[in-house]
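Before anything else, here's the structure in question.
Labels run A, B, C and D following the written order; every chain starts at residue 1.
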């Protein structure tokens, strides 16, 4: 009888609980034993775990956050910490470790896989959608909808006050959220870290919009594009239009998962259990071309997921 | 210079406005002229239309319903009515007609295509998700989330009262909504028109659940599975557990579209404009294997879209 | 040291958990001992209870439903059942019993108060808002907002299809929800059990509205006004306009409480603890003229709370 | 026949549209003529207005923002600007001006009332709830619920990461939003501009909480309490717990109004029309002790509305 460990790691994402539920229930049905380590990699190092079964994941499919907790774990980034984790996995006789997290967590998992025998299966779950090997991660759709709903509200004020709004959404290095949200709210301008922008073109666009009768404009910007406070101020000063900044912050991480985030959590979790049952190791599961697939942990970790710039172009053409 | 007509037809779906906006703005950018006929096919028969341009679709991306109105049109089902529509399209010199609607609307479009020269392009937009040729329709994701959010609330009462809840969602002939919603809320039982059910198995499942300590259970049923009032009563009487029915009705049709419904509306509308620019005719656009594709109107209308019964099986395995 | 029992009784209402939290934490701070009986009066009869303290009510302020469960209890309506409850309260040495519920629960509490020494304090908590002695009950504001948000969505379909919608909201005997919701959505017609209606006047109003250019109308009706299916059909047949019915059901009972429901739960719970600390007995707490007050259980149970018909008149004047 | 002008002024608030609708429809029914000036006081100075009637306020009861627009108007603060506004009111023969706004707008209205004959009626409508003479303003309940819903989501992350969250809500000079939101989310600490705080007491409270087993804590702070970035950093450094800041910004101004905001808009608007019909002048309407009352514009403007510190105390007692 296999023994499976589960962790959630990195920033929490809505749908992590749905993923835990899937893995626990399907693995239990196959007769596997399950333990949940708490606080991500920290739990591996401190060997803090609890047994899990079908009842311990009841009533969580619709809850944001993670019942297994999560934490940044600087110690795991050191050789000694990672070694300790590997030893505990061996000591606890964990055959497979399911890592529910994003790109950062998978990088850690990849390193760990090099020094321990436990098979590692990654379930991409992060609002950032930055995992190579899957078109979408668990939690991304929820974060996009949460940000979108807020901007729909801010639009009321933008229109009533005839103002420019710069809205900063999450994404320190990647623009997936900004792009999806910008398209969804009909943003006049979308700024992502992957594409350099020219502030003069922003001024031009805003001025053209004004001439067309668009008295309010929405600029959706990923946090990674630079100082949005400064940008907002510059826009105000240069164009003479009132501009305001709104930072959509941590709220994007929480809340009940959307149907799609729960759906992906179910499909990904199901594939993960299939994969580990087959004795495969060091893979992540993912969505590609409408199918649930696996990709090696190595490939996922060593490849940068591209942003679809055609969508950026489409958003621009739609904001006329 | 091409002249494009647009209609929204059949039951309204969240994202229809986003689709109108996309088609109008992109077609306008290509130099095409645009008119919107009102109330679906009725507007073709009465020749009721208005010119449309980029400003006439401002501020609608986030609105449910349709600014072009929609209506059932029994007259269009008669030969004389359809003939009149064809004559008006010719008289108005409409080169292409974009039909934003579901399977029923496309059946009408297909008939119309046989008697008129106007090229017809279908943009699948219905909460029912019943269009062959696309994995998902505009509005489906919103309807699923709306129903799911309601059932998340009903769960509070189910748990507090330790009751069985039968929840009827939309779907007179198809179970797409019921399946997606049932998976998302973690329903103990999902009933769809495509799969016959045995009421005795329902009793058995509920009794097993009770023994396991699950004192409340959710049964998600498509309206097409039969009389849910009767089913609820029978469950109460047979099992002795308190059962209640809740019908999630028209609310599933309305509300602001989700990010995904807006996203599909943008991609579908964009493809529709590309298709009609190319001089193609009598097609629908759709999502297949993660790509935006076209399918002939004929094929879409003459094929029944299958329900993915593997998902039904997965939902069952997860509800232990 | 006093010993306090708590029950939640009758239909669950959003904010019951917030009320439990308030009573438990404030009573604990005063050095009182606390137990929660489960499933309302049933728990008194079966003597099923658990000790409660500040940590047992953590993380529940924002949750719908009730962690103490609730149930209808036909046995409590019999003399023998009520007697058993009274005996258990005596045996368990419960000095005060806090009953969190609505009018039906308070009627039971009033009868119980006649045969036992335990002081009873009622905290009005029901979506029905039918408790005399308080202008508003915990949960009412949430139910009104939940129904309103749904009707805001249905309006999209009403406008797009140019239809009449009859919307049935909760209220078997009272029209508080229908009135508040009807005013909030700008319903053309509001039907409450307290005021007889003439179906011919409904036809007249709808026809006048149509002449004014209002092609869609919303009729908000309490469930207690009669057969809404029949009414909808009659309206269709008589006026010739398309009419549809939507029943907003159990969803009104669940969901996270609004700020106001939590606010009232905090103020009511606080007053309840003050009252029982003072050694007062057989009272309910309530909101009157912006102040938190107490009313005798007897007076609350023997008086019918009036509906404010001036608001009904105002809603009518606003729907022109 | 009276002629009534309407403006919305200051920051937009959800329910302003519902208030416009009420005033327009009820005043129209009394046979009064109505014009809406655009962009608040700016519209009075530029004499930009449009006629209004029952149909021009259809479909807006559920919309955030204001169809009459609003703007800051520095020119109105100068003598010459205000004089110009007064002249236009006289020239346009406006008998009564309904000002829908907050304390700042009423200060302007009060000054204007000293130099013109037009009767001024204030309808308190601001998320800030800072108007003396009314316990609640239109829009306040919506803003509180919007902020609360966000913090309910942030709590998921706070719990999952076992972090302290400082959450900044609106309120540059007043703590009404912070207090109501803090109570509603069960914040461990609430900081308002009206009450000085000692950062050492915050450290103590957080450390006590940690000992009790509360690994996450929420601190709700009004923006007016000082630099929340600095505070968050200091908490992190001093206590050693991870602390994060989230600023709930402009989203609090927008969105569909809650039932209560629409209810107050209806009652306030109704009272405003009654007041101006009676020939009263230079008043505001308000809610006091559960009744709709009037207060002189002078008294409202020259009195500071007190914050109820007993609620602050209650919130503290509940956060044990």
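Throughout what follows, a residue touches a chain if its C-beta (ideal position, glycine included) is under 8 Å from a C-beta of that chain, and two chains touch if they have at least 3 such contacts.
Remember, it's a predicted structure, so these values are computed and weren't measured experimentally.
A.B. asks: Name, by label, each chain that touches both members of the pair subunit A and subunit C.
C.D. replies: Where subunit A and subunit C share a partner, that partner set is B, D.
A.B. asks: Please report the smallest number of touch steps linking subunit B to subunit D.
C.D. replies: So the least number of steps between the two chains is 2.
A.B. asks: Between subunit B and subunit C, tell me the centre distance in angstrom, where each centre is the average of that chain's C-alpha atoms.
C.D. replies: The computed centroid separation for subunit B versus subunit C comes out at 35 Å.
A.B. asks: Find the geometric centre of each of subunit A and subunit B from their Cα atoms only, then give the gap between the two centres in Å, rounded to an integer.
C.D. replies: Roughly 28 Å separates the two chain centres.
A.B. asks: Residue numbers in subunit A touching 2 or more other chains?
C.D. replies: If we look for residues of subunit A contacting two or more partner chains, we find 152, 155, 159.
A.B. asks: Based on which chains touch which, is the overall arrangement a line, ring, star, complete graph, or other?
C.D. replies: Basically the chains close up into a ring.
A.B. asks: Mind pulling up the subunit B residues that touch subunit C in the complex?
C.D. replies: 8, 11-12, 14, 39, 63-66, 69-71, 146, 150, 152-157, 159-162, 165, 244-251, 253-255
A.B. asks: Show me the residue ranges of subunit D that touch subunit C in the complex, using the header's touch definition.
C.D. replies: Interface residues on subunit D, with respect to subunit C: 21-22, 25-26, 28-29, 54-55, 58-59, 61-62, 135, 141, 144-145, 148-149, 152, 155, 159, 180-181, 183-186, 212-214, 256, 258-260, 262-263, 266-267, 270, 287-291, 314-315, 317-318, 320.
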